[in-house]
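Each of the two complexes below includes subunit A, the first together with subunit B, the second together with subunit C.
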Partner chain A sequence: MALELIDIAKRVGSETHIHPTSLVLPEGSFNVLLGTTLAGKTTLMQIMAGIQKPTSGTIRFRGKDVTGLAVQQRNVSMVYQQFINYPNFSVYDNIASPLKVAGMDTAEIERRVMAAAELLRLKPMLKRKPSELSGGQQQRTAIARAIVKDSDLILLDEPLANLDYKLREELRDELPKLFAGRNAIVVYATTEPSEALLFGGNTATLHEGRITQFGPTSSTYRLPKDLLTAQVFSDPPINTTRVEKRGDKLHVFGSKVWPAGQVGSGLPDGVYTLGIRPHHVTPLPTDVTTGEIEGRVLVTELSGSESVIHLDVAGDTWVSQSHGIHPFEVGSHATLHVDVDRGLFFSPSSGERVS
Partner chain B sequence: MNKVVNNRAWWLVLPVFAMVLFNALLPLMTVVNYSLQETFGNNEFFWSGAIWFEQLLHDDQFHASLLRQIIFTSIVLVIQIPLGLAIALCMPRSGPWVSVCLVLLALPLLVPWNVVGSMWNIMALPDIGLLGKAINSLGIPYNYTRQPISAWFTVVLMDVWHWTSLVVLLCYAGLVAIPDAYYQAAKVDGAKPWAVFRYIQLPKLKHVLTIAILLRFMDSFMIYTEVIVLTGGGPGSTTKFLSIDLVQKALGGFDLGPAAAFSIVYFLIILLVSWLFYTLMMRDEAK
Partner chain C sequence: MRKRYIVLTAYIVFLLLPIYWLINMSFKTTNEILGGFSAYPREFTLDSYRTIFTDPSWYGAYINSITYVLINTVISIVVALPAAYAFSRYRFLGDKHLFFWLLSNRMAPPAVFVLPFVNLYSAVGLFDTPWAVALAHTLFNIPLAVWILEGFMSGVPKELDETAYVDGYSFPAFFIKIFLPTISAGIGVAAFFCFMFSWVEMLLAKNLTSVSAKPIVAAMTKTASTSGYELGLLAAAGVLTLIPGAIVIYFVRNYIAKGFALGRV
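After this line comes the complex of A and B, so read on.
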């Protein structure tokens, strides 16, 4: 009982938009598609919806082959990055539009529209036109349209990207509640790793038309299969460096030597790519940090309660993200401390995680 | 607040004032001047009050050409706006054919107006013209220099050929500006093509269509060159539109006073209709 993509691929001319991919989304699940712009999130969603046909492969829904089925026959709803509503319909008529097309009777339409409006706090503006609403309210209307018809599949394509910060936070908190208790499969595309972590559920990381990993969000984050997944699922970007493990030591940058730690000690001697997430690099030594890096400060970004420091270490940029305010002068020489035990070891040739 | 009063800034807008003065205000005031006075040359003027205006409003010839003008503009709008919209809807949205279509459509707009008149004049000649000969060979009597209906048909056809492209280009630009997501959303909803047109494309094209109708109204209401070259206002005075009437009065009769009054009334009609139309179309937005 799920949506299954079996060896789905999409090519347009000589370009491959989606490499052969298989994915099973269970009923009632919340799934995040995480990837940069042009990673193929929208294409994959449109294939799931039936707006685009895959070049090859099969799509099954509840065991039935729906590959060639047009979107109208699939009971799907979709929310876009742009706020898409019928421009000359009132909010009420906009929310009611999919039900009217389905030919539902008026009393039932009203009951459902009111319920959706209540959930999305749109009741006071049901009579207004979309052009008289704020961006947040316009997107709420579009979301209400998507949930009103009890779709089997609800696709949200970066729905919060065009909203300003405060409205985004607000709607981001409400979204999971809206879909809880529904039997629909929800797919949410985003470029922001933090959104995926916030929503939980499952996450599929996409890179250049390939799904690099799919699984429960927390395990995808903590235990990425390979370096690409770790890179997609890290913001600021994960720090990587070539290390040589010899005995219980890691030789880094040719000069620094770190203890191999809990994870590294178990590995055979050899060369690895070590990935360290920015929040495991701190400006001050703590009781878990065991390594050090030195370099020239390139950028410091101090937000209310957080410091992000970019350090140039022999040509590589290292990023540290830490709580508290740590002012560093740009251009000065600094030493940062690394929690090596939280490092991820990847094979330098295949990119697969080995630890 | 520290607001510095600096009157020197006025010097910066002075060139614009000067331009408007010479371009618009002075000529307009000259016309107003003529319309209220009587002159027999020698730079002698006598105050005549509103006589020319009263005369004009009771002038049957003016009524006739105003009526012709209204009919012509209405026909042209009724044909060109839907036709232009329809062509724009049929045009491809992407691919190599887009530029081919656009170039072909833009061609009529690039032809000088008197050349348009001459082209259609020759083409519609009943004995040797492609169009005239073809219609006659179908057994339909056609002669635009003799039959009023033929003349009207040719004038309207010429204007449609010349200006529908403008409507197409405006509508096409409006259509292309609608994000793809709207069409997808409609598809997801299961909306039929007619519903997509009625509830997405048409509302989104409202501003563009308003501009298209305004431009076409003003332009067709002032049509002169093409018609004077094609029919000269004939046969008789069956295609004598307002501007032709005006030029005949001003240059032919050298009745500067009446012609000036005519110009002002002409100008006010266009201004009033445009303003009314624009206000009505944009009423919803203001709320």
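After this line comes the complex of A and C, so read on.
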């Protein structure tokens, strides 16, 4: 009882948009597709919806093969990054349109539209045209249209990306509540790792048309299968460096020596790629930091309660993200402290996580 | 600031002077027109207009013109809509070349086509009917309409199409109920240009008709030669010829600018 993609691939001309991919989305689940622009999120969603046909592979829904089924025959909804509404319809008619096409009777349509409008706080705007609404309200209208018809599959393609900060926060809080208690499979595409973490559910990380990992969001984040997954699922980007493990020491940057720590000690001696997330690099030493890096400060971004420091360490850029305000002068020499125990060890050849 | 107004006013006067003179002449008698210079009609007369509205060879010419212009506009838009949709939404072999070739049709002078059209339409019995002119004008108007409509259609995100399919609309239902109203401004602009080209085009209209379908542009030139100088009558006919264009442009005035912004007008 789920949506199954079996060896789905998509090629357009000589370009491969989606490499053969298999994915099973359980019923009632909230799934995040996480990847950079052009990673293939939209293509994958359009294949799920039936707007595009896969070049090869099978799509099954509730056990039934739906690969060749036209999008009109599937019970799906979709919300786009751009605010897509029918410009010549009022907000009411926009929300009601999938129900009208389905031939539902007027009283039932009205009941459902009112319920959806209530949920998305659109009641005062029902008579207006989409062009008379703010961006946030336009996107609410699109979302109302997506939830009004009890779809089996709801696809949200970066729905918050074009909204300004406040509206985004607001709608981000509301979204999970809208889908809770529905039996629909929700797929949410985003470029922001923080959104995936906020929503929970499952996360599939996409990189250049490949799903690198799919699983519960927290475990995908904590235990990425490989370096690519860790890179996709980290913002600011994860710091990586070549380390040579000898005994209980890690030799870093040719000069520094760090203790191998709890994770590294168990590994056989050899060369590894070590990944350290930016928030495990701090300007001040703490109880857990065991390693140090030195370099030249490139940029410091100070937000209200957070400092992001970019450090040039022997040609590599390292990023530290920490609480509190830590002003460093650009160009000055600085020492940052690394929580080596939280590091992820990858095989330098295959990129797979070994720790 | 003052200077700017002076220049602008001078320019507008310059533009409007011939139109004023035409209106001025249409209310004069032919004798007064030929008799000397007068900035306004000394003997105000509506005779010219009365002749046009009572003489079938005059008002019939207007009806002929309006008939083929409307037929032409409808055919051009109906044919151009699906073509423009294909150009804006699909990539196919040679699409860009075909699109440009369409436009290059407009670069040929109508005179080139007079001979083949006359011969062809005589053979199939369309000569001297409004259909002959209407069909001949589509050669120029369909490419223009495709060009304008493609610009407006490409301004509509393809996600709108997809959303409609996701909502369950079939292609025809989506196209008629959602897509056409969305690009209604473009349809208005395209129809306006088809209307205007067909309305003012004289060479084909004159040569493809003789008696029963004679258009107003042909009637106007003919009268000048047969019964001497009837300048008042000609001026009145000219004024009446300007009116439909003025009416149509009033309705699309807000959209024309949008067409210019898209680089398609």
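The rule we apply is simple: the second predicted complex is superposed on the first by the 355 of 355 C-alpha atoms of A that agree within 3 Å, B and C clash if a C-alpha of one lies under 4 Å from a C-alpha of the other, contacts with A are read in each partner's own complex, and residues count from 1 in each chain.
Just so it is clear, a residue touches a chain if its C-beta (ideal position, glycine included) is under 8 Å from a C-beta of that chain, and two chains touch if they have at least 3 such contacts.
As the structure is a computational prediction, the values presented were derived from the model and not from experiment.
Would subunit B and subunit C fit next to each other on subunit A once aligned, or clash?
clash
After the superposition on A, what does A:102 contact: first (subunit B), second (subunit C), both or neither?
Touch partners of A:102: subunit B and subunit C.
Is A:310 touching anything from subunit B or subunit C once the two structures are fitted on A? First, second, both or neither.
After superposition on chain A, A:310 lies in contact with neither partner.
With both complexes superposed on chain A, which partner does A:78 reach: first (subunit B), second (subunit C), both or neither?
A:78 contacts both subunit B and subunit C.
Using the superposition on chain A described above, determine whether A:337 touches subunit B (first), subunit C (second), both, or neither.
Neither: A:337 stays clear of subunit B and subunit C.
Could you tell me if A:245 is touching subunit B, subunit C, both of them or neither one (first, second, both, neither)?
Neither partner.
Going by the contact definition given at the top, which residues of subunit A touch subunit B in one complex and subunit C in the other?
Common interface on subunit A, subunit B vs subunit C: 46, 49, 51, 71-72, 76-78, 80, 82, 84, 86-89, 97-98, 101-102.
For a test of understanding, state which residues of subunit B touch subunit A in their complex under the given definition.
179, 181-182, 184-185, 187-191, 199-200, 203-204
List the residues on subunit A that touch subunit C in their complex, please.
Interface residues on subunit A, with respect to subunit C: 46, 49, 51, 70-72, 76-78, 80, 82, 84, 86-89, 97-98, 101-102, 142, 145.
Spell out the part of subunit A that touches subunit B in their complex, as residue ranges.
Touching subunit B: residues 46, 49, 51, 71-72, 76-78, 80-82, 84, 86-89, 97-98, 101-102 of subunit A.
Quick check: in the complex, which residue numbers of subunit C touch subunit A?
Checking each residue of subunit C against subunit A gives 157, 159-160, 162-170, 173, 178, 181-182, 184.
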